[in-house]
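Following are the structures in question.
Each of the next two complexes has subunit A plus one more chain, namely subunit B in the first and subunit C in the second.
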Partner chain A sequence: MARFAPILPEIILAIGGLVLMIASAFVTRRGAGLISWLAVALLIAATVALIGAPSHAGPLFDGLVVADLFASFGKAVIFPAAAVAVIAAHGWFERGTEHAAEYAVLILFAAVGMSVMVSSTSLISLYVGLELNSLAGYVLASYRRHDERSAEAGLKYFVLGALASGILLYGISLLYGFTGTTSFTGVAAAFGRGAPTLGLLFGLVFLLAGIAFKISAVPFHMWTPDVYEGAPTPVTTFFATAPKVASVLLGVRVCIEALGPATDAWRQIVIFAALASIFLGAIAAYGQTNIKRLLAYSSINNVGFALIGLAAGTAQGASSVLFYMTVYVVMTAGAFLCVLWMRDGDGEPIETIASMSGLSQRQPGFAFAMFIFMFSLAGVPPMFGFWPKLLVFDAAVASGYVALAVAGILGAVIGAYYYLKIVKVMYLDAPAEPYSRVREPVQGALVLFAAVAVSPLGYLLIGPLGSLADRAAETLF
Partner chain B sequence: MIGAIAFYLFATLTIASSIAVIFARNPVHSVLWLILAFFNAAGLMLLVGAEFIAMLLVIVYVGAVAVLFLFVVMMLDIDFASLRSGFTRNLPFGIIVALVLLAEMIVAVFAHRAGPMLAGSEIPAARVPNIVGIGQMLYSRYLFAFELAGLILLVAMVGAIVLTHRRRGDTRTPKAWRQLRRHPGTAIDLVRPGTGEGMKL
Partner chain C sequence: MSSLPLLTILIAVPLIAGALCLFVRDEGARWIALIGTLIAFAISIYLWVAFDPNGAQWQFVEKVPIGGGVSWAMGIDGIALMLIQLTAFLMPICILASWRSIQSRVPEYMAVFMLMETLMLGVFTAQDLFLFYVFFEGGLIPMYLIIGIWGGVERIKASYKFFLYTFLGSVLMLIAMIYMVGTAGTTSIPALMAYDFPVEAQKWLWLAFLASFAVKLPMWPVHTWLPDAHVQAPTAGSVILAGVLLKLGGYGFIRFSLPMFPEASYIFIPFIFALSGIAVVYTSLVALVQRDMKKLIAYSSVAHMAFVTFGLFAMNRQGIEGAMIVMLSHGLVSGALFLVVGVIYDRMHTREIAVYGGLSNNMPGYALLFMLFSMASVGLPGTSGFVGEFLALMGTYQASTWGAIAGTTGIILSACYMLWLYWRICFGEARTAEAAAMPDLSMREWWVLGPIALAVLWMGIYPESFIRPMRNDVGRLMTRLEHVAPAGDSQLKLAGPQLKTIDAQDHGAHH
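Up next is the complex of A and B:
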């Protein structure tokens, strides 16, 4: 049994998911709520189970996965984020969807996939984890199948995701063919033997292209706005948080553990993706009238900043990526929870930015929460969202990429415009039709928590979170 | 000797049934001939010692792909006579494709005779049969990935049901408990009608 102690979180989620899956086949529509809360409990239990062996047991299953602090750090962000996505769906699918209970089950299985992604040290477990997460994602995107936009989002995500998986697999097969091994250490050893051959380089490029799709970095971002807009809002909340962290952390581990000796080869790709994501995310968001589309571009933009930390290629850079993604998840989850409450008189969701006009006079608390999230996402100094941006730029400067940091700061300034535009619409424009009140105390508490965490009070977290991220990043080197 | 007989038996049947696939008038017959071709190809694989591929041919191609073909052929109302009418028009293109394939096969045979491409990359002789080898790897070294692959298939199944299943009002589902509770005392009425009186229901 001791052999399985390091994968206790995954076991809890997988077995719990199986039990809930069977239970959800029998429950009525009202029982779906109970299943969701049980799923949240399982995710919390899995997070608690990270303490101990799962954080430091080392390589497992002949090097397929590893239990180290880096993986645990990722899981400690991913599991609560997945739990938030389950809570976000409370009261959303019960009306008009027959299979409300299976939503939580699919999130649980996706969480297993994500936790394998962040702890994989082999190309095989990397792919299997990624696919488990993606497959659940395809289903979730088209969860409201009677809604045309949701069905379209699911189909688009599936077709493009399958293509990306194909590209990723092609890269994996090239790397395997030219190194003769699937383990990250073996691949790193092959890259360490002098200049990489053409085959290895092609494998590297394809592998990174597949990962870039999953983190929706430019130029593989095209699916993001459409899928984020079409998918039901709780699902969008999920896509923008947990899988994003998992994919970014997977990218960090692949770049540093497997492709470490070829840093010069991947750095140029990462720098290009980072800058392209920052600028495209900032500029393309200008004309958007739909808040979910706008937040999709915001997520593209944010991934760009995280990639700057990766481009540094140092432990400091990896640590800044961890820090960045943690704060990013809190800000984004908070913003999406606010979007969930935008309902018209009949309780139907509204997504236009115009409907937020004059929100501060109608619902000042709601408007103030959104104000904090927008300022924090923009990285305006008093808010906590400023600090992780500073960290990634600092990491870039420390490894000599001053121009990269300057370009990033420029992009941050351009991107700030559209966040501030929302604040302007909420605070300075004439009031529009009021939203109907939503009674969701747990979601309200989560928004409050997120708003406090990213407010200037968040700076108290710098010490503990920073040292944890530093220690987690050091396990990679 | 027996090996040679088996080879010629399987090979002849494979070619014969493949030709029958093309020439059968009825598409359902074509699929059935295709299944026979798969079985014989599996036999050929067994003869060269690739048991795993033989099993795959039977399980995947016969069990899944051919059955799928059969369903498609039976469910779609395709007029195959009209499809055939373009035969002469498509013939030149078909011949080109066939020639390319033939050329590739010839090249492949010669390349194979020239020896392995990279020095030292000869496959060592197997100590265990390959199904045993694959099984040992799957259940020891790659157990974790294997179990996860199972979860992936489960998610695919759950997804397919969630996205397509709906409760319809007009279906009659069996109520097992009520069926089991029936017993002769309540379900059967024994009547003995008198002669010439007929029966009242």
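Up next is the complex of A and C:
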């Protein structure tokens, strides 16, 4: 039994998820609420179980996964983010014809998949984790199957996701073919033997392309705005937070553990993806009128900044990525929870930016929370969102990539414009039709928590969070 | 020295008052804001009294580590002390000036103003590089809201322009700061002020800081955001913009560019002098043709700020002290001029110069104060403007005669546009019936303008009160700049034979 101790969180989620899946087949509409809360409880239990897990268990199951501090750090962000996504759906699907209970179960399975992603040390477990997460994601995207947009989003996500999986698998097969192993250490050893061959390089490029799709980095971002817009808002909340963290962390581990000796080869790809994401995310967001599409471009933009930290290729850089993604999840989850509350008189969701006009005079608290999230996402001090941006630039400058940092920061200025536009609409424009009041105390508490965490009070977290991220990043080197 | 964290209290008072404003109605918010700013002003006066001009460079020091190498480090020298006085002095006046002219969303307005004060005081007290940056940049958010919500017709465009312009300038400074911390291994501003960066790196760092400070100050040719922002901002917003925000640029030069990159500063002196010279003459000419009163004063601000850069980069005592006095004086005078404009704007709701005239007939008190502030802006002896401009130009003359020529031309031009403005508004016949019917200053307006008038005269007649706290700090800055300070082209040397003649005469007289 001792060998299963390090994967206790995954066991809790997997078995709990299976039990809840069977239970959800029998519950009525009212019981769906109970299933959701049980799922939240499971995710919290899995997070708590991380504390007890040994941080240096070494390779498990013949080197398929590892339960190191890096993985634990990722899971400690992913599980609560998934729980937030479950809570976000409270009272959302009950109104429609969907079977609400399965939503929480799918999130649980996705959480197991993400958990495998951040702890995998082999190309096979990497792929299995990724697919487990993606399959749950395809279903979630089309969860409101009678809604055209949701179905379209699910289909788009599935077709493009399958293509990306194919690319990824092709890369994996090339790497396996040219190295004869699927373990990260084996691949790293192969890359370490002198200049990489053409086959290895092709494998590397295809592998990174597949990952770039999952983190929606340019030029593999095309699905993001459509899927974010079409999917039900709680699902979008989920897509924008937990899977994003898992994929970015997966990318960090692959680049450093498996492709570490080929840093010069992947760095140029990462730098291109980073800058392209920052600028495209910033510029393409200008004309958006739908808040979910805008936040989709915002997420593309933010991934670009995280990749700058990765491009540094150092422990400091990896640490800055961890820090960045943690704060990013809080800001994004908060912003999407606010979007969730944009409902018209009949309780139907509204997604236009124009409907937020004059929000500060109708619902000052709501507007103020959104105000904090927007300035934080833009990285304007004194909001806490400034600090992770500073860290990634710091890492880039420390590795000698000053020009990269300068380019990135100019992108941040361009991006500031559309965050500013939201604030302008909320604070400077005349009030529009008011939203109907939503009574969700738990969601309200989460928004409050997120707003406080990214407000200037967040700077108090620099010490503990920073040292934790540092230690987690060091396990990769 | 007391062990109370006075600077933190100074910063916290407006913040708490601002938060309280959000929970009360209009009238309550006004009073809370006024009381909050007055308490902050009282604390700043105490700081001035308790500050020992001959004591340590940094006084009232506090330091609490936050983590990640950053700490809540506070402390002030004489230069920061005087700018804190300026900020804390102008704030209650701004609140009073907005008492009746702001009628919509008053609690939010007061809260934003209080936040503004907190951030500005934070800039002058921060001793940690990143803490400084957070305060420095944070000021953009409240100012964006002040212009955007309570501004004029074109407020949206002006607020975007203000935000993005200054944000773009500042982010380059951030990269420079990251590099500096990476190289020097400390975020402490006093430590960095003594650190010698390699000259090659200094040039890039200096330029990155210039990008930020030149936009804030503003210097020609990156001043174009200022007239728009001023014209659209509400009166009190203009006062804070001109009175305090512009000083951040000058403070940045004196705190960062000069002591941290002395060699680079020396290398770029001709560049700065050229920009300043163009600014003085060009923006004065532009001010001359403005039809909008606020725009005219905004352009005159750009011209006055050029005296600051002239004085600072002259790198001698007169120049640096003069630059500081220009900053303080301009903070008072241009703030007062915007208030003066606000007084008649509140009555007529137009800033067109052409509709006024003959106000000295029906508003004698107003005309008197307007006269005083116009003269101070021109630099009449006895007012604060004279002391600052004279010192700054004297310093400039020692470093560069050409710079001094451009600067003095600016003074002549400033007399032209200010006197002409005054003539068109206060003398002659009233051009419209409404202008002739305007009542004189109310009691509240006297309370707003009176204290500034007294401060302007005090600084003009006995500037020693203001220079004394800064004297040692200017001295320390000069020690730092000693090895690079320019020799100047104005040190006339008499030729040998003539000296002998004088000697001979002297001898002759003795015998």
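Rule of thumb we're sticking to: the second predicted complex is superposed on the first by the 475 of 477 C-alpha atoms of A that agree within 3 Å, B and C clash if a C-alpha of one lies under 4 Å from a C-alpha of the other, contacts with A are read in each partner's own complex, and residues count from 1 in each chain.
The definition used in the following text is that contacts are C-beta pairs under 8 Å (C-beta built on N, C-alpha and C of every residue); 3 or more make two chains touch, one makes a residue touch a chain.
Predicted model only: the values in this text are computed from it and were never measured.
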First, second, both or neither for A:Leu201, with subunit B first and subunit C second: neither
May I ask you to decide whether A:Leu476 touches subunit B, subunit C, both, or neither, giving the answer as first, second, both or neither? neither
Answer with first, second, both or neither: which of subunit B and subunit C does A:Leu390 touch in the superposed model? second
Quick one: is A:Ala23 in contact with subunit B, with subunit C, with both, or with neither? Answer first, second, both or neither. neither
Scan A:Leu420 for contacts with subunit B and subunit C and give back first, second, both or neither. second
Would you sort A:Ala405 into first (subunit B), second (subunit C), both or neither based on which partner it touches? second
Just subunit B (first), just subunit C (second), both, or neither: which does A:Val380 touch? second
Under the definition above, what is the set of subunit A residues touching subunit B in their complex? 7, 14, 18, 21, 60-62, 64-65, 98-99, 102, 105-106, 109, 112-113, 116, 124-125, 128-129, 131-132, 135-136, 138-139, 142-143, 145, 154
Write out the stretch or stretches of subunit A touching subunit C in their complex. 360-361, 364, 375, 380-382, 386-387, 390, 393-394, 397-398, 402, 405-406, 409-410, 412-413, 416-417, 420, 423-424, 427-428, 456, 459-464, 466-467
Please output the residues of subunit C touching subunit A within their complex, sorted ascending. 22, 65-68, 70, 105, 108, 119, 130, 133-135, 137-138, 140-141, 144-145, 148-149, 155-156, 159-160, 163-164, 167-168, 171-172, 174-175, 178-179, 181-182
Write out the stretch or stretches of subunit B touching subunit A in their complex. 141-145, 148-149, 151-152, 154-156, 158-159, 161-163, 165-167
